[in-house]
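We just call them A, B, C and D in the order they show up, numbering each chain from 1.
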Amino acid sequence: MLSFVNDYSEGAHPAVLQRLIDTNMEQLPGYGKDRYTRSAAAKIALACGHEQARVFLMAGGTQTNQVITSTILKPYQGVVAADTGHVNVHEAGAIEAAGHKVLSLPGRKGKVDAAVLDEFLDAFYTDANHPQMVYPGMVYISHPTEYGTLYTRGELAALAATCRKHDIPLYLDGARLGYGLVAPGTDVTLSDIADLCDVFYIGGTKVGALCGEAVVFPKGDPPDHFTTMIKQRGALLAKGRLLGVQFDALFSDDLYTRISRNAIKTAGMIKEAFRQKGYRIYMDSPTNQTFVILSNETMEELAKQVAFDFWERADESHTVVRFATSWATKTEDVQALISLL
Amino acid sequence: MLSFVNDYSEGAHPAVLQRLIDTNMEQLPGYGKDRYTRSAAAKIALACGHEQARVFLMAGGTQTNQVITSTILKPYQGVVAADTGHVNVHEAGAIEAAGHKVLSLPGRKGKVDAAVLDEFLDAFYTDANHPQMVYPGMVYISHPTEYGTLYTRGELAALAATCRKHDIPLYLDGARLGYGLVAPGTDVTLSDIADLCDVFYIGGTKVGALCGEAVVFPKGDPPDHFTTMIKQRGALLAKGRLLGVQFDALFSDDLYTRISRNAIKTAGMIKEAFRQKGYRIYMDSPTNQTFVILSNETMEELAKQVAFDFWERADESHTVVRFATSWATKTEDVQALISLL
Amino acid sequence: MLSFVNDYSEGAHPAVLQRLIDTNMEQLPGYGKDRYTRSAAAKIALACGHEQARVFLMAGGTQTNQVITSTILKPYQGVVAADTGHVNVHEAGAIEAAGHKVLSLPGRKGKVDAAVLDEFLDAFYTDANHPQMVYPGMVYISHPTEYGTLYTRGELAALAATCRKHDIPLYLDGARLGYGLVAPGTDVTLSDIADLCDVFYIGGTKVGALCGEAVVFPKGDPPDHFTTMIKQRGALLAKGRLLGVQFDALFSDDLYTRISRNAIKTAGMIKEAFRQKGYRIYMDSPTNQTFVILSNETMEELAKQVAFDFWERADESHTVVRFATSWATKTEDVQALISLL
Amino acid sequence: MLSFVNDYSEGAHPAVLQRLIDTNMEQLPGYGKDRYTRSAAAKIALACGHEQARVFLMAGGTQTNQVITSTILKPYQGVVAADTGHVNVHEAGAIEAAGHKVLSLPGRKGKVDAAVLDEFLDAFYTDANHPQMVYPGMVYISHPTEYGTLYTRGELAALAATCRKHDIPLYLDGARLGYGLVAPGTDVTLSDIADLCDVFYIGGTKVGALCGEAVVFPKGDPPDHFTTMIKQRGALLAKGRLLGVQFDALFSDDLYTRISRNAIKTAGMIKEAFRQKGYRIYMDSPTNQTFVILSNETMEELAKQVAFDFWERADESHTVVRFATSWATKTEDVQALISLL
């Protein structure tokens, strides 16, 4: 059966796996002190154009979001996010379990608008009751967003400026960052993100790794005793090499970027086919996720031969569904899908 | 200067204070094991029409909300509340600090609508991703609401039915309950609340006490080791008598109800005067809070002689302000206010 | 029946109660912004000899300990305390519920020894694994201790020096501080405590108030947004006047000190009587608690006419019991007790 | 350079790695719903002799301990552990960060003694103040312990009986369980553990896997919504296959047991050599860790050619050091080490 159900269906990219194989019997120090983790960190800092950047590797996205928010926020602060943001909806309360509120703003196609943010922050401080409210202490955005949309460089710069105006850090969740960086029409580079954000992570789990996300502090200023906090949150792997080797591979010879392109190419083929065949695109997204509105009959028929993801009900007789591609998507599978439309 | 700024400006009702004076030198056991606390609990249970009810006394509202939500919710659950609910906005993140998300629903004049709630709960369980989301584990309402509005008996019954359908408890925050019970036109009695809610609290701080809220479990089923949890949350007073004596007084000879009427009578005079003099009422509320829209000039002029509460900006040139009355409001002060309108 | 069961059996000292009566109908701002709270803070700062001190009033001791530790400690830190310390044993896990470990040291008659502390702190940093351990972030002591014992000025100074050497704050729990300050033989003054500690609290609940503890930051450096954190922990009373008026009274005309003397005088009578009559004193304590070892028969006999506190089993046939006095203890009750020995 | 510094220096056992290679490009469902995770769970249940057992896979030990304790304990409960237990000392406060106290008992060579436990639990409930204390809600033991020692079947049965008597669950941390099961002289089998414990985990990270620990609920009774809680704690891998494939390999053809034997065999050679050459063994441990007391000169000399772990200072001129072996230790490396002694 064909599957476009998500972007984490396969294991590791073969080149990443090969590095795990090659290094398997080397004796290496634990807890991220191995040479591959160091090498990965240096390569990522270089790719970001911030040599002084500090890089930390964690196993998964929710874990990373929990560690970042709980170490950067003060206890009287919460994290501002779009109402559709992953931290607000799909992390089972990980942020709150660590003691912090998610202050949700109405999103626009998954994005936080700088003007809406600015108004929210201004209003907070002009409210005489704000000492009895949760202080906004950080802004969370995802790029690509949960809807596969992207910020422009100008939008990111405006968010960064708003954050600086109010003296709070900007945090970017890059679970699918690779796919955002090579999307058609984007003007946002990894360097831009490192310039504009205070902290962000580069997703590995969905872009070629078996697991792993690389947290980057571009200014080289992680929270105090950050490794201890990673340990406390249960996020410090004894065999840190598992993450180090994979990211070292992903950031060698531009592998991370190269493998991301396959997802965009195949997603483009799918989007184009849906459009040509007269389907309604639910949300125009330039990355590896394609959201289409299908009549329920079409959906059920198609589901007999293709796995895809239910997204939400559109109306009585139509449903929004998602087709995801990745570094691993095969062109022949895409062609097989198109032939079914 | 005249003041209608809130409903906690004075100390205790004289009859409550007198009981503190009368019992002051009695040697009594600590931590709520004294005879006045027991007597207060029995009188409250009787007033609720639920003899088996269990009653616990705490010092303040935020504390009470934190203890109740953190002991009733399971760790994978959050509390559903109106977006304007006190727990969602004005408790400095007390619910999240104890590890739980507030799941906010769009409120209607401060109220949660049973149909909106039902739809939200249905949608949650039909979402295939709900195991990665925060489970709704309790519904929080306030009565009167933060806007001074009241549920009807029918509305409360519908909420209770919806909660039962989805097997989650209904919790009512009665910080100003006294004023709700004696408001004109209400058909909700204390017995109704005890019949329909799984847990609620009867506010003392704003209705005649120096401090104190009485938590009622009408079915007699507090969480396990509830006193230990009260202690853990820093909410167990060594001299529990302070709360016991006050609530024993408030629930003797119907004092709680009797003193609440003064707030309603004086609020009614203020509402009537504003209406007669052509002011715009912002939200029609039958309890002790009056929300009026004033032009900024009028507001500034009035503020020279009367203290009231800024609520929110209405537009460029108008502001919503609040005038609060209480058990302690003097008729002559109300008349002085009216003469200034 | 005679009672020496604890030091919080009565209500407020009459002079404190009188101030509550006198100010009861004044209209005052809420949340600790009233003039009595300000006045109390100023008087306490003066009594401490630190004009720049910042003072905050809370309702009870466990609450205070939770707020202080959770706002001063960083998330990777715990609080060091004697194994017998109140925060380690008798607060139902309030410190841990707020996310922090209590790092217990073997106490000596309830006290932390500076040399033991220094060795512990040195050992922590020389342990190569300490980044995977809880960092000591604060030292908690009680004065008087849970056993009624007192630090000498030299002992306190040594603790303070050790804390400064390791750059962590020293926190003193003064739930019964009044009784410590007037104990025979003590060389520790309130000024000494303010000079040597980074934060401490002056207990009101056990020394003349209905409730209330006054937290003092002698250097005037409370944690950021401390009032918001007090609110978040459920510890901010709407009618802050309840605490303000009481502490204003306690720190007028040296009332706090004067009423403390009664507890010491009466405890002295009891200790002397036990000694003269040949009873074994369990722990020599100069403050308001007297620990005696009674044979089980004597204990049962005495318990028919006097209430006292079971402390711990001494051996098969003997028990340690506690007799507590307070500002409220009557000389005739003490004489009645002595006549029974 | 020779290395015996720990038991997580290499990657995965070649047979485990091969399974990752073989399955790498299979499209599999995420979040532990893949067929390898199911197969691993079934094989583990079978190996435990409890077909109804429920098995969950997590990435690391601290994470597992945090998830288990925070989902099984009630908020008023803490976990009882030996003072040397990993949860008490080396997890950076992970248990407390999730809100629970570690109630430490004096250990005996890393073990909790059933009689000591029973006395502690009896004393807790007979203490009249226990409602203001942290309730013991679970017992944590490690097998092998942090000192490489093992419980006998009788000792485990006594602990289990004590736990049942007091109605609290027994939890066994098996980070190095493989090495314990094949140690000389042990009479404890995996079935015994499944019979006697309420929950335990089988360590993969230190026994042949790149990462991963298998949590077993032998009675098939995980906490409610356990997967949601794993997600909330940041411990749910999108590519759950990474864990599923590895444990499926480890529990095929008895691989887990077979590879464990190498660690015991090589550790035995080391222990024997140290003994024969007259070194002092610090603690007699039958598993893969060897603790020896070296004079500081010998230690420094040896350290030039062999990596081992500093454990603790023995006295002024001697140090306790640890030599660890694992499934990956080569006999020739052991011989090289012995030739240096």
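The working rule: a contact is a pair of C-beta atoms (placed from the backbone, for glycine too) under 8 Å apart; a residue touches a chain by one contact, two chains touch by 3 or more.
All values reported here derive from a predicted model rather than from experimental measurement.
Colleague: In terms of C-beta pairs in contact, which of A-B and A-D ranks higher?
Modeller: Most contacts of the two pairs: A-D.
Colleague: Among the chains, which has its CA centre at the largest distance from chain D's?
Modeller: Relative to chain D, the chain with the farthest C-alpha centre is B.
Colleague: With chain centres defined as C-alpha means, what is the inter-centre distance between chain B and chain D in Å?
Modeller: Taking the average C-alpha coordinate of chain B and of chain D, the gap between them is 50 Å.
Colleague: I'd like to verify one number: the distance from the centre of chain A to the centre of chain B, where each centre is the average of its C-alpha atoms, in whole angstrom.
Modeller: 42
Colleague: Just the number, please: Cα centre separation of chain A and chain D in whole Å.
Modeller: So the centre of chain A lies 34 Å away from the centre of chain D.
Colleague: For chain D, jot down the residues that touch at least 2 other chains.
Modeller: Only 75-76, 91-93, 97, 99, 131-133, 228-229, 231-232, 236 qualify.
Colleague: Taking the touch rule as given, give the residues of chain A at its contact with chain C in the complex, in rising order.
Modeller: 31, 70-71, 74-76, 99, 131-132, 135, 224-225, 227-229, 231-232, 236
Colleague: Once bound in the complex, which stretches of chain D touch chain A?
Modeller: These residues of chain D touch chain A: 3, 5-6, 8-12, 14, 17, 20-21, 23-30, 59-67, 91-94, 97-98, 205-206, 210-211, 228-229, 231-239, 241-242, 328.
Colleague: So in the complex, the part of chain B that touches chain A is made up of which residues?
Modeller: On the chain B side, the touching residues are 75-76, 78, 89-93, 96-97, 99-102, 128-129, 131-134, 310.
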